[in-house]
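There are structures below to look over.
Consider the two complexes below, in which chain A is the common component and chain B and chain C are the respective partners.
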Partner chain A sequence: MDLLLQTLLNGILIGGIIASFSIGFQLTFGVLHVIDFAVGAWVVLGGYLAYWMSTLLGVGGFVSLPVAFVVFGAIGYLIGPVIYRVRNSRYARPELMALALTFGLFTLLRGGALTLWGFNTRSVPTALSGESLMIGSVTVPLLRVVAFAFACAVAAALFLILYRTRYGLAIRATAENRHNAGLMGVDVQRLSANVYGLYAAVTGMAGVLMAAIYSVNPEIGLRYTLFAFFVAVLAGLGSVGGAILAALLFGIMESVVATYVGSSYSHLAIFATLYLVLLVSPRGILQRGL
Partner chain B sequence: MRGWFPIVLLVCGAAVVFALPELLNAYWLRIATGVLMWAGLACSWNIIGGYAGYIDFGHSVFFGIGAYASAILMGDAFGWPFAATIPVGLLAAGGVAAVIGGPTLRLRGAYFAIATWAFAETLLQLATVLEITGGTAGLSLPPFLNERFFYFAMLTAAAATYALTWLLFERSRFGLKVKALRDHEPAAEAMGINTAAVKLQAFALSAATAAVFGSIYAYWVTFINPRSTLGGDITDQMVVMVLLGGLGSLWGPALGAAALFIVNRIFWMYWGDTTFYIAILGLAIIVVVLFLPNGLAGLFARKTQNGSQNAGRALWRALTRPGVER
Partner chain C sequence: MSRLIASDIVTGYGKQEIVHGVSLTADSGEITCIFGPNGCGKSTLLKAIAGALPAWRGEVRIDERALSNLPAHMIVRHGLVMMPQGGGVFPRLTVLENLRMGGYAVVDGRLVEQRIETLLEEYPSLKRRTTVAAGSLSGGEQMMLALARALVSEPRFILLDEPSAGLSPALVSQTLERVQALTRHGIGIVMVEQNIREALPMADRLYILAAGETRFEGTPQDVRDDAQLMEIYMGQDSASATDALS
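Let's turn to the complex of A and B:
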C-alpha cells in the first residue's frame, strides 16, 4: 500500500512537470501546425544552462529559472518565424518540410550539446536537493514538490493568458482558423513567433527543473520529445486542457510500470501504448484533437 | 547524342565500380562498401518517403529485422548458410510491413511519422528484453573476413534496389499510381486507384529492400546489438540522406548517401568521434529545408519552373530566395 502511494505520488509530481511543457507544445501545434521535434532539445539545453550557471557562476538551480526564461524566450522568438515561413511556404509539402525542419533543429542541438559537453551526465545543485518530507510512511522529495508547484503556476498563467486576455483570444482564434484570424486583423506571423518564444521559454525552465531532479545528458532529449509526443497524442494534438490530464496519466503510468514491472519495460509500455492509441484513436483518447 | 549519354555514363560507372576493389586499400574499400549500403538504404527509404510521401521515422525496424534474421539463423541454434538467411529477412520485413502497414498507413503526415517512430522504438525495447535477440548484449555471427565479398554483395543489393526502383517508379503504371496518391490522395482515389493497396505495396517493398542491407550488414560487421541495428540513428541518416539528395528522385539518395557517409568517415578519421557529425546532419537538414527543397538532385534537374538549366544558377536562386521554389 505504501509502495503504491509512493509510486502514485512520484508519478503525479513528474507528470506535473511534463504537463508544463506539454501545454506549450500543444499551443505551438495549434498555432503553427507543426509538431516540434526540438522540444526535448530545449529541455536538455535548459538543464545545461543551469549546469553552466552553477559551475561558472556558482549559483543554484532556482536562480537559473528566470535566466532560462529570457534566454530561451529570445531564441524561440528568433526561430519561430523561420518555422512559420517553412510551414506557409510554397513547397510541395510544407507540413512535412516543417516537420523535417524541427527534426533538423533537434539533431543540430543534440549534436551541438554532444560536442560541447560530451556524453557525461551532469547534475545541477539546488538549495532543496536531497531534502524531503515524510508524510506517514511516504517520502515526499521537496524539490519535486517545488517543481510541481512551479508547473501548476505555469499552467495557471498560460490558462489565464489564453482565456482571460484579448491576446489569448487571438491565440485561440489563430489555432482554430489561421486564415480567418488573419482576416480579423491578427498578425499571425508575429503571434506565431511570440507563441514559439513563450513555449521555448517555458520548456527551458522545465529543463532546469528536470536537470535538478534527475540530471542531464545530451542523449536524454529524445526521451523528453517522446514524453511530449505521448502526452500530445493521448490528449489529441492541439488540445491544451487534455494535455494536463494526459501528462498526469503518463507520469502515473510510467512510475507504476517502472515500479511493478521493471524499469526496462517502462519505455516498451510507453511506446506500445503510443502506437496503439495512434492506431485506435488518432484524435486522442478524449477525442478533442484536431 | 542525348540518347547515348546515359549509356556511356552507365558503362563508365560500371567500369569504375568493378575496378574499385583493385584500386583501394582495405580501409577505403570498407568506406566504399558503406557508401553502397547507405545508398541502397536511402533508396529504400525514398520509396515510402519520397515516392509515396509518407515520412517513415521508424525505417530502422526493417533494417534491424534483416540483421536479426541473419544473426539468429546463422547462430549455433540453426547454423544456416548466409545466402539462405537473406530471403527470410526480406520476407519477414515485408510481412511485418504488410501487417503494420494496414492500420498505420491510414494515418497521415506527422501522425504517420510519430506512429512509425513509436513502433520502431517498441521493437527496439523488445529486442533489449527478449532472449532470442540476445538482449542489450546483442548477437555475434560467424566471422567471414573477406572485404571484397561484402563490397560485391552490397553492390549487387544496391544495384538491384536502384534497378527495381527505376523500373517500378519511373517506368511503370505502379509508379504513376504511387506518385498520384502522394500528390493528392483523394483525387487519386477518385481516379479509381486503390490507394490503400498501392500504399501498402510501396511500404512492403521499401521494407523488404531495407532488410536485405540489414542481413549483409550483420554478416559484414559480425556483431549486432539493438542500438546498432534498430536505433534511431539508422533512420535519421536515411532520412537526412534522402532529404539532402532530393525527395522522390531516383539518383538523389545515392548522392546524399555518398556525401554524408564520406563526411562521417572523415570526421571519424581526423577527430576520432562523430558527435560533431550529428550537428552537421542537423545543419544539413535545415539548409536543405530552407534553401534546397528538392535536394542536390533538384540542382541538376533538366527544367525547373523558371526554365533555368544551370546548376550554379539554380543554387544561387535557391540561396537568395528561400521558400520560393515549389
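Let's turn to the complex of A and C:
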C-alpha cells in the first residue's frame, strides 16, 4: 500500500513537470502546425545551462530558472520565424519540410552537445536536493514537490494568458484558423514566433528542473521528445487541457510500470498505451482541440 | 465618402496565374457585386484585395491610402475587412470571443466591448447565446455572427465572399437584407455572389468576370439592357435575374 502511494506520488510529481512543457508543445502545434521534435533538445540544453551555471558560478539550480527563461525565450523567438517560413513556404510539402527542420534541429543540438560536453551524465545541485519529508511511511522528496509546484504555476500562467487576455484569445483563434485570424488583424508570423519563444522558455525551465531531479546527458533528449509526443497524442494534438491530464497519466503510468514491472518495460508500456489510444480514440482522450 | 480602388490586379496560387489584371472601384454606402462562373477568379480577387493573397501586380487604394502589398493583418487597420466564404467564424471560440476577435485590430479594448454591446442589441439571436461555442450555431446564425464580427472594427469597406453560400432560401434573403442594411451606415460592400437572382437587385455597381478577366462593368440597368450578356454570363439564371430586375 505504501509502495503504491509512493509510486503514485512520484508519478504525479514528474507528470506535472512534463505537463508544463507539453502545454507549450501543444500550443506550438496549434499555432505553427509543426510537431516540434526539438522539444527534447530544449529540455537537455536547459539542464546543461543549469549544470554550467552551478559549475562555473556555483549557484544552485533554482537560480538558473529565470536565466533559462530568458535565454531559451530569446532562442525560440529567433527560431520561431524560421520554422514559420518553412512551414508556410510555397515549395512542395511544407509540412514535411517543417518536420524535417525540427528533427534536423534536434539532431544538430544533440550532436553539438555530445561534441562539446561528451557522454558524461551531469547533475545539478539545488538547496533541496536530497531533502525529504516523511508523511506516514511515504517519502515526499522536497525538490520534486517544489518543481511540481513551479510547473503548476507555469501551467496556470499559460492558462491565464490563453483564456484571460486578448493576446491569448488571438493565440487560440490562430490555432483554430490561421488565415481567418490574419483577416481579423492578427500578425500570425509574429504571434507564432512569440508562442515558440514562450514555449522554448518554459521547456528550458522544465529542463533545469528535470536535470536537478534526475541528471542530464546529451542522449536523454530523445526520451523527452518521446514523452511530449506521447502526451500530445494521448491528449489529442493541439489540446491544452488534455495535455495536463495526459501528462499526469503518463507520469503515473511510467512510475507504476517502473516500480512493479521494471523500468526497462516503461517504453513498451508507453507505446502499447499509445497504440491502444490511437486504436480506440484517434483524436485523443478528450476528443477535442484547444 | 470613401472610395476603394483596385487597379490592374494580377494574382494566383503558386505559379498559376488566376486573375489577369482586373480593376474594380467601390464606393462607401454602395453595394458592388462581382459575378461570374465558378473558377473565374472572383474569390481570388477578393483575397488579393484583402491582402490574404499577395498581389503579383496592381494597386489597391482606399482614397489616397495605398494598401497594396500590406499583409492582411495591416489592411484591417485601414478599414478594410474581409469575410471569407462560409463566414469564417472560429467554431471553438464562443460567440463573444468571436466578436472580440473582430475588434482585435482596435487598440482600445474597452471601446471594443462597448461596440460589441451596441452590436448585440441589433443581433438579438446572438445576444442570447454569447457564451455558446460558435460552432454550435446554425449556418444562418454563423453568418449573422460573421457579419456582426466584421462590424466590430468599424470598417469603411467589407468584402463578402458568397455570404449566401450554403444557406436555405429564406436565410439567403434575410442575410442579404442584413448586408443591405450595412450600406445605410455608410459602409461600402464588395460582394461575390452566386445567387444572382437575389443579389442583382441590390447592386449599385457590378462586375462580371470570366476566366480571370473583366467582361463587363456597369450598373444592373446596363445588364438588363444587354440580353446577350445575360444569356452568356448569367447562364440559366438569366431569365430569373431579368425578372428580378423588371
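Basically, the second predicted complex is superposed on the first by the 285 of 290 C-alpha atoms of A that agree within 3 Å, B and C clash if a C-alpha of one lies under 4 Å from a C-alpha of the other, contacts with A are read in each partner's own complex, and residues count from 1 in each chain.
As a working rule, a residue touches a chain if its C-beta (ideal position, glycine included) is under 8 Å from a C-beta of that chain, and two chains touch if they have at least 3 such contacts.
Source: prediction; values computed, not measured.
Engineer: Would you mind checking whether chain B and chain C clash or fit side by side on chain A after the superposition?
Structural biologist: Once chain A is superposed (C-alpha atoms), there is room for both chain B and chain C without a clash.
Engineer: Can A:Ile35 be said to touch chain B (first), chain C (second), both, or neither?
Structural biologist: first
Engineer: Quick one: classify A:Thr107 as touching chain B (first), chain C (second), both or neither.
Structural biologist: first
Engineer: Is A:Leu279 in contact with chain B, with chain C, with both, or with neither (first, second, both, neither)?
Structural biologist: First partner only.
Engineer: After superposition on the shared chain, which partner residues are touched by A:Arg90: those of chain B (first), chain C (second), both, or neither?
Structural biologist: The answer is both, since A:Arg90 touches chain B and chain C.
Engineer: Pick one for A:Asp187: touches chain B only (first), chain C only (second), both, or neither.
Structural biologist: second
Engineer: After the superposition on A, what does A:Leu142 contact: first (chain B), second (chain C), both or neither?
Structural biologist: In the superposition, A:Leu142 contacts neither chain B nor chain C.
Engineer: Of chain B and chain C, which one touches more residues of chain A?
Structural biologist: On the superposition, B touches more of the residues of chain A.
Engineer: Applying the document's definition of touch, where does A:Phe229 land relative to chain B and chain C: first, second, both, or neither?
Structural biologist: Touch partner of A:Phe229: chain B, not chain C.
Engineer: Quick one: angle from chain B through chain A to chain C, Cα centres, nearest 10°?
Structural biologist: The vertex angle at chain A equals 90 degrees.
Engineer: Considering only C-alpha atoms, give the closest distance between chain B and chain C in the superposition, rounded to the nearest Å.
Structural biologist: So the smallest C-alpha gap separating chain B from chain C comes to 8 Å.
Engineer: Would you please give the residues of chain A that touch chain B in one complex and also touch chain C in the other complex?
Structural biologist: The answer is residues 90 of chain A.
Engineer: Mind pulling up the chain C residues that touch chain A in the complex?
Structural biologist: 14, 50, 52, 71-73, 76-77, 81-84, 88, 90-93, 97, 100-102, 104-105, 109, 149, 153
Engineer: What residues on chain A touch chain C, complex-wise?
Structural biologist: 90, 166, 169-170, 172-173, 176-177, 179-188, 288-290
Engineer: Which of the residues in chain B come into contact with chain A in the complex?
Structural biologist: So the residues of chain B in touch with chain A come to 53, 55, 103-104, 107, 109-111, 113-115, 117-119, 121-122, 125-126, 128-129, 183, 232, 236, 239-240, 243, 275-286, 288-290, 293, 322-326.
Engineer: Considering the complex alone, what residue numbers of chain A touch chain B?
Structural biologist: It comes out as residues 35, 82, 85-86, 89-93, 95-101, 103-112, 114-115, 118, 222, 226, 229, 233, 237, 264-265, 267-268, 271-272, 274-275, 278-279, 282.
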